[in-house]
Amino acid sequence: MVEQTKRVFIEEIAAGHHVNDIFVLAEKNMAHKRDGNAYLNVTFADKTGRIKGVVWDNVEPIAAAAEAGDFVRVAATAGEFRGALQMVVKSLAAVEPDSVRPEDFIAATTRNVKQMFERLTGLTDAMQPGPLRDLMAAFWADDDLVAQFKRAPAAKLMHHAYIGGLLEHTLSMALLADKIAGHYNRVDRDLLLVGAILHDIGKTRELSYGHSIDYTDEGRLISHIGIGLAIVESKIGAVKDFPAELAALVKHMIVSHHGAREFGSPEPPKTIEAVLLNYIDEIDSRMNSIREFMETADPSARWTSYHRLLERHFFIGDPPTTGV
Amino acid sequence: MVEQTKRVFIEEIAAGHHVNDIFVLAEKNMAHKRDGNAYLNVTFADKTGRIKGVVWDNVEPIAAAAEAGDFVRVAATAGEFRGALQMVVKSLAAVEPDSVRPEDFIAATTRNVKQMFERLTGLTDAMQPGPLRDLMAAFWADDDLVAQFKRAPAAKLMHHAYIGGLLEHTLSMALLADKIAGHYNRVDRDLLLVGAILHDIGKTRELSYGHSIDYTDEGRLISHIGIGLAIVESKIGAVKDFPAELAALVKHMIVSHHGAREFGSPEPPKTIEAVLLNYIDEIDSRMNSIREFMETADPSARWTSYHRLLERHFFIGDPPTTGV
Amino acid sequence: MVEQTKRVFIEEIAAGHHVNDIFVLAEKNMAHKRDGNAYLNVTFADKTGRIKGVVWDNVEPIAAAAEAGDFVRVAATAGEFRGALQMVVKSLAAVEPDSVRPEDFIAATTRNVKQMFERLTGLTDAMQPGPLRDLMAAFWADDDLVAQFKRAPAAKLMHHAYIGGLLEHTLSMALLADKIAGHYNRVDRDLLLVGAILHDIGKTRELSYGHSIDYTDEGRLISHIGIGLAIVESKIGAVKDFPAELAALVKHMIVSHHGAREFGSPEPPKTIEAVLLNYIDEIDSRMNSIREFMETADPSARWTSYHRLLERHFFIGDPPTTGV
Amino acid sequence: MVEQTKRVFIEEIAAGHHVNDIFVLAEKNMAHKRDGNAYLNVTFADKTGRIKGVVWDNVEPIAAAAEAGDFVRVAATAGEFRGALQMVVKSLAAVEPDSVRPEDFIAATTRNVKQMFERLTGLTDAMQPGPLRDLMAAFWADDDLVAQFKRAPAAKLMHHAYIGGLLEHTLSMALLADKIAGHYNRVDRDLLLVGAILHDIGKTRELSYGHSIDYTDEGRLISHIGIGLAIVESKIGAVKDFPAELAALVKHMIVSHHGAREFGSPEPPKTIEAVLLNYIDEIDSRMNSIREFMETADPSARWTSYHRLLERHFFIGDPPTTGV
Amino acid sequence: MVEQTKRVFIEEIAAGHHVNDIFVLAEKNMAHKRDGNAYLNVTFADKTGRIKGVVWDNVEPIAAAAEAGDFVRVAATAGEFRGALQMVVKSLAAVEPDSVRPEDFIAATTRNVKQMFERLTGLTDAMQPGPLRDLMAAFWADDDLVAQFKRAPAAKLMHHAYIGGLLEHTLSMALLADKIAGHYNRVDRDLLLVGAILHDIGKTRELSYGHSIDYTDEGRLISHIGIGLAIVESKIGAVKDFPAELAALVKHMIVSHHGAREFGSPEPPKTIEAVLLNYIDEIDSRMNSIREFMETADPSARWTSYHRLLERHFFIGDPPTTGV
Amino acid sequence: MVEQTKRVFIEEIAAGHHVNDIFVLAEKNMAHKRDGNAYLNVTFADKTGRIKGVVWDNVEPIAAAAEAGDFVRVAATAGEFRGALQMVVKSLAAVEPDSVRPEDFIAATTRNVKQMFERLTGLTDAMQPGPLRDLMAAFWADDDLVAQFKRAPAAKLMHHAYIGGLLEHTLSMALLADKIAGHYNRVDRDLLLVGAILHDIGKTRELSYGHSIDYTDEGRLISHIGIGLAIVESKIGAVKDFPAELAALVKHMIVSHHGAREFGSPEPPKTIEAVLLNYIDEIDSRMNSIREFMETADPSARWTSYHRLLERHFFIGDPPTTGV
């Protein structure tokens, strides 16, 4: 099948543009005007964002042509409606998934997934024999879960918000945990490592990440902490005679990894390992978030633009000498 | 066996008193003085509170005489040490559980447990046939869980902090849910009722309530929300073909019943039923807490003393005319 | 007089539209350009919102043609100015109030005002004879106040923000109070009922609700709590020998009904009835607010859009099977 | 009548002391032991504090001998009960109020009340003729209110917590308002002055200040803001044709003088005068509070002890050279 | 040199306008399109605001024509891009600074700088002889610093955000300090005066205020508190035998003048003078901020628009009778 | 000189004990009774805490016998006064410092100070040649400062609150910084290292740590951030041509190391290195604080007691099998 090249990305579209290109049909809803005629509200997505659209003509055949989640070829004109861009759609047709480049539609890690995963299993292979290593083995033996784990993003926005982001974040935390565990006494390295690897496992079901990233119903209703608890519980059940107290300590790291109630953890960290895990998670999320933000800055800027959530500009330093 | 009458309660003990009575041995820890000699730190409990004690002489036989959790007969003198009462123990011996009145050691609901439970099952029997009623049937069929549910308190302090308190709180909420569900449209009465009955089910394992009320390790590490999710998950698994979305809606009520992240819920209420459940829980906890507080006030007082947590005095009104 | 049909509503106007229709002239202010020439800034309103406008030509006759608050027929072209819609007005003329349909300009309850009010007075007729019932009779005997009470909205935005909204909210709370009062002992049903009916009585003067809803000067300066206190004080003065303590308890419910200082109550609830009143107010406001928000959602959506104030999406559930 | 000299003050009593002196009987409540016998809980007060007491013997005659609020001669022995001092009362008899020195029982301003009041009326006499000056005249013409105003404290604790404290605080604020009003344009000096004088007028009824200072029922239920509004409303009613807008501006200063909702004001300051009034109130309260706190410090200390509410030590500076 | 008159200000530019006028080139960054061609992002500024622009053609000569900070004559057409105005630049050339009116580009105080400064030095001349007066003399002897001090704004936004604003704010605070110092005992007038004059001295380097106002790198990294400490330290070093304790008291006023940690002060005010200084700063900043906000209101409006930061409308009162 | 052995420590003293031992005379203040007679308030300290005392007899000779800060031999009887222990002093005499063991009076690190310092200078010796290494060399060349740095505690309470604690905390952070710097790109290892070593340098003067640990006046007034800035500024001045921007980046790490304004940093971290430094500081402080808290727990306890500041119990785990 001939691959169709995508030429226009959503972030580049401006009012007045005529567009004929491929997008993900992210949402599709029928509505009615006051005169009773139907029209169709749609949302298109690609890796650079989302854009609303509307179909005034040929509504019914177009509504029947594709389902939410499909790739579609769209012919449309961009206009402004109430301060936002809107695509007025002339035609829309489903496109074979095999004929598009997935990386045009959803961002992905630039790192090697296979190598990252092997590095992670290398760390668990080096654990002391016992129930914690058996628990990790039970995880790695679940092919479906591993496949999700390799593909899931770590967030919808903010940090590691791309395919493979969960694995990238997890590996980085595991390596950091490994370094810090030896710095302090009283720390159970293997327990901390298990916490680093499993703390966000619920993200595999909290988010959907087919052709775009969004929350699942289950994610919005139960949160990745609630989902993670259920996944861990079922895997612990698969390890023979897993000690009850150790099970509670592992689950405590899922429950407490956000550090405080106001950040979504029903209990704050109460073990040395849970305290460290929370810090390692904060460091890795924050560092990745800031560095991603810096990378979007003008290459010649000495400061980033204002970061709304962190409420500050970040200092980048001198521009390269090849700048203007 | 002859029942041993308890004559002295902990809240009545003052410095200088000689005590010879029965208590729960709540804690027992060996320690050593600077000269190397061992001594024993103990804590005694009854329904009116807890008191520390110390054993200087005959340490080893006394340490061997009873375990934490046992009923013990204690001969001791009360003194003050660093601003707190302390019992200097002369002798201590285990007492047969059958020979004491349990209600002397841990407070219990004054209402009829059997009748309360029947009233609750009456409500679930009246539910529409379907997966929610089946789910409740699965709960009521688990004799161990029902036995815990009938006995558990609803809290360690604050409100319904007595044997049977969880059932009392649950029934009150279920009756209130029943009244309010009909007041608003868009409310699924049965779903709300299930939420009212199950929202605190994790308290059955978050707290221990043998001879005194305290948190369990599991409770401190995972919280009653985490425990409740696991219990509900296992019962849902016992109902054939329980719909996945309905399962998420039920679990959402466990997850969100504290109303906001800062109160320990990983997600805030996002369904009409979860919003109502949170309010019903707040009303019933608050009302019971205030009324219990009013009952401890001087009968002739027009205002309660200052309530530290709620940061106010409550108005009681005119004293009965038979007062001073 | 022939009724003039309004065809275009403000929420439908987009840049480029030519409009010739009837609006409320909500604001009118003369201003001057740098060259010294006068122009007129205006704001138009109807039940769907507000829109700014400007008059460049014929400024003086147009300024003289109508006052703020009048109905006006406007001929104008919609454009965009600094990111917001703006009507460039060509002509503007006052219109007889009798010739328009009021419901086009300010939203109103869909329920029967007369029936709601009778249901409410039915509740107060059933009160125990005594000062509280006499107080309510004094309210109902004040025709002007009753007329305002039947017409006032319960808020400018948020919940029950329409003509008759205050009565609707008040009746709903009174019925809920009636149900909950019997659930707990120590609750004075009649006192709670009076609180439910009077807690927002100051809204009758805090808001103006002629042809559109806004705050009055008095409302912004004194708040509906301050206004409500004055209204209640004057009515209590009209009841012979109203007991001083009971007066303080009634006024306390006005003062404390927002529940805490940070929500605008100078004192938090300190009586059982005031505690319950605060919860009943929260439940009814929140429930109405969420349900109104759900009704604005796309009929086929499973979740609402993001609710800025409550900081979450709400779950609606499956779309009707007749959807796309 | 011979004046009885008080020799012992409550702050000086220690365990083991035998006391025979005069106090205010602040509270008196009958209670019963488990054996059914009655005893009497009492609280005594003088200007240095409060102390609990108990009557075991001759309970009934002693209970009949005096009412709460009376001066009493007490013979008692001080002991410790549960970490607090307690007077075990042997005898108790009412004492004629004329025979005691009131200043032993409730602290009072050290400044001349008559002069302070004349200085205040001097300021209002200098106001522009018009409704605001008429309003102040209406206040000064109310002898009962003026008597309360001269006697009331400005608080129960914290600052100006003594007889005459309200007048002292009010005068200080009025003088400060006078100085600052001229510093900024757009400020209506007379309006600000009225605000400074009336903002705490509700304290005259929020507090009781007979033989000791406490909150009244009305104060706890309605707050001095609610009470102040009612007082101002009634006085405005006594001024012929007081302009409605000006009335709202005066009442706004009562409503908003705490500066923000979380400090008890239903509305924040929205006029220039209300903004200034809030700052002047904060400065005068804080300055008086800090200086009172410094005066309780050891004369040779360079820093005060830790101020719990303000969460810091305050710097006093070098001790006088005559110190140790 | 002939002065070039500026006719168009940024706040007046709308989409579609053709502009040919002088601006400050505030920022200039080279970027590249996907096809590899370079383009130039620019920002223009004048006293009414900032506007973005882009150069598509003649990129290199234009990039070389001027540096950030230069005055430039620009020919451009205004359009809208993603909801914001954007100038599409046709030509751009540097303009001699001497040929423009600086007051067109950066707002300045309307008051007489020389007179304000003399009034301020009049206050310090009247101080008691001693180290504090010597310290002020050391400041006034530093011509560079005085020149900056006379020119600096007091803020980038919010209040006194114009050339000379720091001097205006400082003088107003010094005069207010002078009035209030005498009102309370225990206040060291000269110390308070020094605090009023020096508290914001770090603003001279925290902000840049050449042709527009912005933060310096040092300002963003160290804050005006950190910079002010360094300036004061160096001047104290220039006074012979300045007492160490007095130095700490002066520096404490720099450190604590924001009043609390959450507002950026590492320590809260701990001396009487620091407490007063914080209030005087708040009053003067707030008063100026509100009055500036009122001045931007429609002259006929009775209320200002909503103040986002202070979260309220402010009452202005009746419009002048000459209004519409 | 014969060393005097201390036998009794303050934490062991109870009411009724007769004490004759050596303490630090921490405070000494003359006061007067109502009858005009002088008495002396004193505070004694050793490494286990502080205790108040009073001298009733021989006041003047005793007051003259020793100054605050001296070691004294005290003969006294312990009693209780208003709920706290109080030493009634019979005699008090100064003791030669050389005759006591300093470690009895102020706790010190158990680690080798010389080795810790060498390990730290080893890290700075390995830095890249350049201004940062020169800056560290300037610090290490200042013998007085190094002597203070080796001796200072890192806090008065909370964590590392003992002689040598600052060095211990600094070394731990430097080693951790070394490990983490390599984990992320964009991190300047040497800059981070300098931040780790200097961030708390102001503690050398914020605290006094002669015979006991307390805040200095300078510390309370300026904070260790303000003091640290001054120290760093003076050392930067000692390095020839230290780049201005690098100076600002170093000072930024002092300013921002508490992470947020509410924790005392005038600016939040705005560079990658400052963000990491804040986390490393939090980890090391928190880890040390929790481990110190665990070490005070009963050796057989599975949970610590409640940690007031961190608001939780911490899990310790199973007691050693040699327990009771």
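Order of writing sets the chain letters: A, B, C, D, E and F. Residues in each chain are counted from 1.
The rule is simple: a residue touches a chain if its C-beta (ideal position, glycine included) is under 8 Å from a C-beta of that chain, and two chains touch if they have at least 3 such contacts.
All values reported here derive from a predicted model rather than from experimental measurement.
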item	value
Minimal step count in the chain contact network, chain A to chain D	2
Mutual neighbours - chains that touch chain A and chain B alike	C, F
Maximum centroid distance from chain C, chain identifier (CA atoms)	F
Of C-E and A-F, pair with higher C-beta contact tally	A-F
Gap in Å, rounded to a whole number, between the CA centres of chain F and chain C	60
Chain D and chain F: spacing of chain centres that average the CA atoms, whole Å	42
Distance from chain D to chain C - Cα centre to Cα centre, in angstrom	41
Interface hub residues of chain F, defined as touching at least two other chains	80, 83, 217, 220-221, 249, 270-271, 313, 315
Pairs of chains, among all present, that meet the touch criterion	A-B, A-C, A-E, A-F, B-C, B-D, B-F, C-D, C-E, D-E, D-F, E-F
Parts of chain E lying in touch with chain D, wherever the complex brings them together	172, 175-176, 179-180, 183-186, 249, 252, 268, 270-272, 275-276, 279, 282-283, 286-287, 290-291, 294, 310-315
Of chain D, residues touching chain C in the complex	217-218, 220-223, 225-226, 229-230, 233, 245, 248-249, 251-252, 255, 261-267, 270-271
Contacting residues of chain E [partner chain C, same complex]	14-15, 80, 83-85, 298-303, 313, 315, 323-324
Residues of chain C defined as touching chain E within the complex	28-31, 40-41, 63, 80-83, 217, 220-221
